[in-house]
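We just call them A, B, C, D and E in the order they show up, numbering each chain from 1.
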Amino acid sequence: MKINGQVQKILSHYESDNPGTKANLARILMQGKLAGTGKVVILPVDQGFEHGPARSFALNPPAYDPHYHFQLAIDAGLSAYAAPLGPIEAGAGTFAGQIPLILKVNSANSLSTNKDQAVTGSVKDALRLGCSAIGFTIYPGSEDQYAMFEEIRALGEEAKANGLAVVIWSYPRGGKLSKDGETAIDVTAYAAHMATMLGAHIIKVKPPTAFIEQAEAKAVYEKQKIDVSTLAARIAHVVQSCFDGRRIVVFSGGAAKGETEILDEVRELYKGGATGSIMGRNAFQRPREDALKLLDAIIKIYKGQE
Amino acid sequence: MKINGQVQKILSHYESDNPGTKANLARILMQGKLAGTGKVVILPVDQGFEHGPARSFALNPPAYDPHYHFQLAIDAGLSAYAAPLGPIEAGAGTFAGQIPLILKVNSANSLSTNKDQAVTGSVKDALRLGCSAIGFTIYPGSEDQYAMFEEIRALGEEAKANGLAVVIWSYPRGGKLSKDGETAIDVTAYAAHMATMLGAHIIKVKPPTAFIEQAEAKAVYEKQKIDVSTLAARIAHVVQSCFDGRRIVVFSGGAAKGETEILDEVRELYKGGATGSIMGRNAFQRPREDALKLLDAIIKIYKGQE
Amino acid sequence: MKINGQVQKILSHYESDNPGTKANLARILMQGKLAGTGKVVILPVDQGFEHGPARSFALNPPAYDPHYHFQLAIDAGLSAYAAPLGPIEAGAGTFAGQIPLILKVNSANSLSTNKDQAVTGSVKDALRLGCSAIGFTIYPGSEDQYAMFEEIRALGEEAKANGLAVVIWSYPRGGKLSKDGETAIDVTAYAAHMATMLGAHIIKVKPPTAFIEQAEAKAVYEKQKIDVSTLAARIAHVVQSCFDGRRIVVFSGGAAKGETEILDEVRELYKGGATGSIMGRNAFQRPREDALKLLDAIIKIYKGQE
Amino acid sequence: MKINGQVQKILSHYESDNPGTKANLARILMQGKLAGTGKVVILPVDQGFEHGPARSFALNPPAYDPHYHFQLAIDAGLSAYAAPLGPIEAGAGTFAGQIPLILKVNSANSLSTNKDQAVTGSVKDALRLGCSAIGFTIYPGSEDQYAMFEEIRALGEEAKANGLAVVIWSYPRGGKLSKDGETAIDVTAYAAHMATMLGAHIIKVKPPTAFIEQAEAKAVYEKQKIDVSTLAARIAHVVQSCFDGRRIVVFSGGAAKGETEILDEVRELYKGGATGSIMGRNAFQRPREDALKLLDAIIKIYKGQE
Amino acid sequence: MKINGQVQKILSHYESDNPGTKANLARILMQGKLAGTGKVVILPVDQGFEHGPARSFALNPPAYDPHYHFQLAIDAGLSAYAAPLGPIEAGAGTFAGQIPLILKVNSANSLSTNKDQAVTGSVKDALRLGCSAIGFTIYPGSEDQYAMFEEIRALGEEAKANGLAVVIWSYPRGGKLSKDGETAIDVTAYAAHMATMLGAHIIKVKPPTAFIEQAEAKAVYEKQKIDVSTLAARIAHVVQSCFDGRRIVVFSGGAAKGETEILDEVRELYKGGATGSIMGRNAFQRPREDALKLLDAIIKIYKGQE
């Protein structure tokens, strides 16, 4: 695997990481159809844990089988596949070495009454299963946010010491945040920034709206005339908030929606300088052929071919 | 012990486990009258802890003696015997090597005022007592569910590293769940799915009713026309929710009831593709000869002989 | 020390324990006037911690000195002496090898506002002080019961691995239990059973009353016609609830009372099959000569000589 | 250093301790003007932490310098100097070997809203700084008392294993205790007794009043005619409550007061059999010469010379 | 690097520290334009974590890039640069050996609803990143203050054992403190004193006002005529409260303000005997040339050249 200049530059931003971690980041950046472009598209499948199996897979029943997702990610030429312990265990042997894996090490479910997640995997699990990274969700703003920060601090330190990369899903919620505030541009940029402060190699946030939640932030956005009028402008602001582009930042797709809507959104992400997309329900809740077609169209956008 | 193709196929689904764990799963699958069929019937005895000794054993006083249960499981040709620390310690020497043991490592009691269990056994205990697996109960939906998930995460990791199998009893309760919701088909399938996500090798749930608890789930069940009209159909849905059949799923029998009722239920379990039954009170609260007769009838169903 | 058949049989019930633990159980069973009878009488002195020094010792001031209790237990020919860390440290050197010691590793005090105990000793303490066992109190039913269960789980595992025996004081209280329920026969049998489930070698409970606390239990006691009319019958039921007699079960004496009353109670305990008595205040709050006389009378009952 | 019979006898009471701990107790008992008398006077300086620097040191500004206290204790011929981590670190090198040090390993402050202390030092700190003992405060009766007991249990075990002595400050407060109850004779004797139960080598309590807090205790004090009419009688009762004199018991001086008042109190302590005094504010809040004079007078009392 | 007498004297105050820690303190004291003067100016950048990226960096967009701050601190001739994990990781390789680094190991954010911080870095992180010290914030007075004290106790012990220095940010807030009380002279001196008690090598507090919060303190300030009328007098009182000048005490600059105002304040700090300033927003929220000019003026004051 010859690493080109584009990827070398990205790796150079992780200047404090050991060769093991750099190699795992390189594996993700050199995988699939986007290999060498500096862009990534990742398939995450933890919706069964979050929403239950029927709500996740009944629309496309082959997806009940964990092997389905490994194969989909491989065949679509994606950069990595992310899932909790059980599904990774169920396919890591069969697909060993075919696609970088991200072990999601904490998980929530829709029966829960509080804004937290349970730690459900470990760095040792990630290592024995051949994963390239661990994934962890934080809920900035929630009552449990500091406990979550302390969990990822410990897990992140252990992951880095063992040559793994660290992916943080940063989803603001709870506490004094309004519902609109959860996807507000100021809060999203802040959430992404916090993930970088916590030492994430890859940051995942939701595409932000133009809403501004915090009064003190609003004053600054207005005074400094920060452009939040288009999604592309907001993405650029989030990327800037992640060490001015020194970190890989990917955006989630959210609930299943139409192909046109998705591609329009991805074009804005690309324009704003996003490193890529992380797309779950919009991939595996479609019939396999439709999903492959859609993912290919997304990849073409990130390749600048469309 | 020659392992046949049926069992080999089941073992192949546990593709990330070490030979120690696979050997212990094989011991359970190759034990007793169901050896080699890919089906299992397990005797669990923790009701003394959960409901007290008189409510558990006064109906059949020889059952006060822990040796009684080891002998019953062996003589009935069952696949494994599961119990908490004390009773396993009381018989593991006498019956060493005669039947696979599952050490139940957490326990609740009916004096408790919260929906949780205490961790009452360890992986080290399981190893020193010659057990094949640890058993752990989770209460999806309860206030303490995430703490329970984190306990089994740690215990499960340690068990797998030491070549043991992991059995999860998944009993939804507490939080925002209604009483009917505890055995609803959507919640049961979700609870079973969560156990697979947590890395269980064997999942135990209760036979679900046709009730659907969650509004978002109800919409999907109706739109996707998921058949929940018969117990067999519901069982098939639960099995599908456990990695599309890649995991061993067993169903409990519940409170003591009539023989006909039990056998009718087991026939539905078998028809729905359940791996087997885990039957406590319906076994040890009957006179020994009646219990042996009943268990033999159940085994015949799982052998497809009836 | 030649171990006779009676004691050999008791030791054989502890079939999962290592020779170290068996040797320590044997030390207790082969100590003092009851050596070889399979019966035990134990002196526990933690009342100073529980009620304060004056309430415990002012009645018999020599008892302020920890050496007093070691000497009393030795001179009375008792089976073991149990106390918290401080008093054991204060005499373990002087009396080394003269009587088996039980280090009480958790303690409560009457200033407390919650139903819990503090862990105040360790297995390492027990080992360095030459103890044969650790003692631990659980409060089944209390809000903190599961935390207590988890403490003794860990301490018990460590004790057994180091060749010590485990004694559990099981005192129901708190939560939804009524005051009468704390000594109800159903609750006492349940409490004793829980101690066996937790892996105790020796179980200590209070002599139960004929009251039945739990509605579900009451139905069973009545339907199965469990005899709870005499203390002896209730003791037999508790002993049966402890693995049908496979565990050592001792009963406490409670608050100081008259000699006749005590001996009458002990006769019932003996008749019911109790392994023995654990008697604190009724021993050390009497003048030494009276205490020696009373303890001798109790021992005679357990020897079947009266 | 030749140890005389008086000190040998005291050391013999610590019969379970290793030679390291005995040597450290001996260092304290053989230090300064009271060397060999079996009596001790200790300088504690943690008031800056408890009340703030100005309230502690403005009255005698040289006391802002941590070296001041080391020198004062040495020049006054005291037995030991006790302080938290920071001040010990600030002088332990300069004064190494000149006076035994007690590292206070937990601390409270007057900004706190709950009855607890923070652990602020460790056994490793005590060892690297050349200390002879660790000091720890418990608040018997407070909501947090059991957590504090568990902290000193662990720290005490580690200290003893490393040859250090353990000093417990036992200050009842919180929970159901009345303000008067905090220094009541029954509560003080109980608090001192608890410290001995927890394994303290040296117990520090406040001089008790004649008030009796607990109804059950009051009944015993009256029935047994325990003399609490004079301070000396109360001190004797506290000393008796500490293993009948087998433990070193020292009494604090409290808020700064007149010399006559202090010396009168110390005479009563001496008469009651106290091992000595631990005197902070009354020492360092006086001009150095006055403090030296006062401490010398106190020492003379403990030497029986006045 | 030849260490002069001024610095040697400061190092001598850290008499219990190992050569590793002393060397790291020396690195800070011998860095930049203030090398050898015994004074320090430190650049801290954790405002992105505390207030969000736009509020911190939009005023001077190059500051979004973590390299900007390393370079600013180096070019301004400052003594050290302090930041959380992420930004240190992002530049520690490029700027290795060019400026002493302080890894801020706990962090708060403005979305939080409680007065605490999350631990977000470790001593191992500090070591692998080549840092000279760890930094930790305590909130004296808050509900969580004791938990924070216990965190820094453990981290401080580990840091010192590994040859690092410990910097404590001591910011009173929460609990019974009034808003004015947070910067009151009595509370600030107390907060600084607590940091010294906890074993800090370098203490950081805010410049105090003349307000006195605590009634008991007020009585002493008035009776002892402690001068709090000028900022210089108050600074002198804080420095005295830190072991009478035996500890390095630095003062923060607070929100961005005018150059004149800043320099006036620094002159008072210098006059009061402060070791130096720690200046964040007033440095990096100005254009780089303005910041360099301002920092140079501040340094001149500390050199006594202005």
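As a convention for this text, a contact is a pair of C-beta atoms (placed from the backbone, for glycine too) under 8 Å apart; a residue touches a chain by one contact, two chains touch by 3 or more.
None of these values were measured; they are calculated from a predicted model.
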With chain B removed from consideration, the chain sets that still hold together: one piece
Distance in touch steps, counted as few as possible, from chain A out to chain C: 2
Take the average of all CA coordinates in chain A, do the same for chain D, and state the distance between these two points in whole angstrom. 58
CA centre of chain C versus CA centre of chain D: separation in Å? 36
So which bits of chain A are touching at least two other chains? none
Take chain C as the starting point, go toward chain D, and spell out the full loop of chains. C, D, E, A, B
Could you list, by residue number, the parts of chain E that touch chain A in their complex? 46, 48-49, 51-55, 58-59, 61, 64-66, 84-94, 107, 109-114, 116-122, 124-125, 128-129
Complex contacts: residues of chain B adjacent to chain A: 13-17, 140-141, 143, 145-147, 149-150, 153, 157, 161, 172, 175-177, 186-187, 189-190, 193-194, 196-200, 214, 216-217, 220-221, 224, 226, 237, 240-241, 243-244, 246
